[in-house]
């Protein structure tokens, strides 16, 4: 029993850094991609809108494992990236598609009146987007984004298929050595549970901090 | 191009067989998920302290951990206690439990959205709580949850792909086997992608049709889906 | 004195197959208060939005303060600095305080420094009677207060003309008065104003000219006295009569 705390958990937690790194890279790159494409989609003209819609549709219609593998092999044929980076970048592209939809919805729910009012003051479209629309849209997007963040935390386990030494992979090594797979995988589940819990809590707190009455 | 067509001739029958398994897994998981999830939702809203707590623990755990880990616990973990399940069964159980947790949340949202006003109206007509739940709340909750549930159907098709890690011969696994055999991972996986797109496209059309037919004007719900 | 401050020439606008504006010609001189009235859906708001090109006319030209703003070579953002616009739905920036709403145009568009902008902003809020609400967010204000902040926001840019698009239509009855009061004050101070409104009391008391529009054309225009007492067209008499009945007792001043 104490083996769990002296042996298993430290061993698994040593892989926590990898899991968190994959998650953070995927979420932050996904954020840049998602926000950028959402702005282009809403304000960029019909051609851009259609292309971006196609991208988000395709990525959201395919299993994540499949996309990880496709992108891994495509990337591997072009440039020599480690499984860690291939996996993280692939997850970033996947998350980018979901985040595009989240931000698009948020931007559209800010309402066209805000843009009109900004323009009547003489602001350019760009000024209006950055100073008026985005500050409101980002706040509106927080609940949907927390949902996505929790999903990516869990999806980071998928890089297991690429052999990345994150906590699930470590648990598998441990169980191969000690013939205690149940213990190992339950421990992994517990770690993930704590991670998603903290993520949800953290983002709720952020939402409260940024709350503006009436927004 | 020639090579790809030859590959397809060998690949298509295998991928088709895999598709059948994928659809089978999806259906069983959805059904199991419904049998688990719907009662869990009712228990959470109407069940009193203990049942509600149990329901919450179930949904929080299965939504708060990766489905891949859940699968590994059931397939690789249970043998630690001497309980070795065949891959298919492990897959059904894991996917079913996972889907049940998400479905519980969708149904809970729907039930709560409908609940208070409708319940008050029903009770003031003299209808008992049980009858109100069965005849007033539940019929509306189903309709309200339908869009979220359509999302779940599409999601489940995608989620079944994880059984590739325990060698259940679904579409994803077949693709892997083909790619190892013919050394062409990109073509194989892209072909599998086309299969998934077609499957999901068709399912989406069907679900949209069902949604449109059963929609009650003014009755809509906003829930966090996968 | 001779050049009108606003000139609309042959303005046409269609949405799909519906032609909303069928060749409107209108001139507004400095210091005038022009009130546009008419049944709903006749294009009054569309016309107003053509003045600052929020809505682009399909045909026709618009001059503001001597500049033809429909000329594509003209920078519309520069032109809009001199035209104030007040919306029916206020459209206050929800993530900014009242003061923030008033100063953001000053900082971003006019390049004012934060200190100067704050001073000007507080001055304008005081002008509409809301100096003690400067730190509140739109979500914390009543409808009438929101509209007054919207007016302050437009005034802060020191516009040459103020456009009002049904400014009181979205307000609860008891809040309409405070907004009309501000508008009357502006008119007395000599601001050039074009208002689309249903408030007949305001039109009668404050307008220097009333324009009656129906189905995309201007039916008649004239001073309040001419329009209410000696309208040339039956339709005008009919419309004003009906509206006066409805709104009769409710007047400002």
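We call the chains A, B and C, going by the order they appear; numbering starts again at 1 in every chain.
We take it that a contact is a pair of C-beta atoms (placed from the backbone, for glycine too) under 8 Å apart; a residue touches a chain by one contact, two chains touch by 3 or more.
These numbers come from a predicted model, not from an experiment.
The chains in contact with chain A and with chain C alike: there are none.
The most central chain, judged by the distance from its Cα centroid to the centroid of all protein Cα atoms shown, is A. The most distant chain from chain A is C, comparing centres defined as mean Cα coordinates.
Note: centroid distance chain A to chain C, computed from Cα atoms, is 46 Å.
Between the Cα centres of chain A and chain B there is a gap of 21 Å.
With centres set at the average Cα position, the gap from chain B to chain C is 55 Å.
Shared interface positions of chain B, i.e. residues touching 2 or more other chains, are not present. The touching residues of chain B, when paired with chain A in their complex, are 60-61, 64-70, 72-73, 76-81, 154, 157-162, 164-165, 172, 175, 185-186, 189-190, 192-193, 196-197, 200-201, 224, 226. Across the interface of their complex, chain B is touched by residues 58, 61-67, 69-70, 73-74, 77, 143-144, 147, 150-151, 154-155, 157-158, 160-161, 168, 171-172, 175, 179-186, 188-189, 192-193, 196-197 of chain A. The touching residues of chain C, when paired with chain A in their complex, are 52, 54, 77-81, 83-85, 87, 89, 91-95, 104-105, 108-109, 137-140, 150, 153-154, 157.
The residues of chain A lying in touch with chain C in their complex are 113-114, 116-124, 127, 131-132, 135-136, 139, 212-215.
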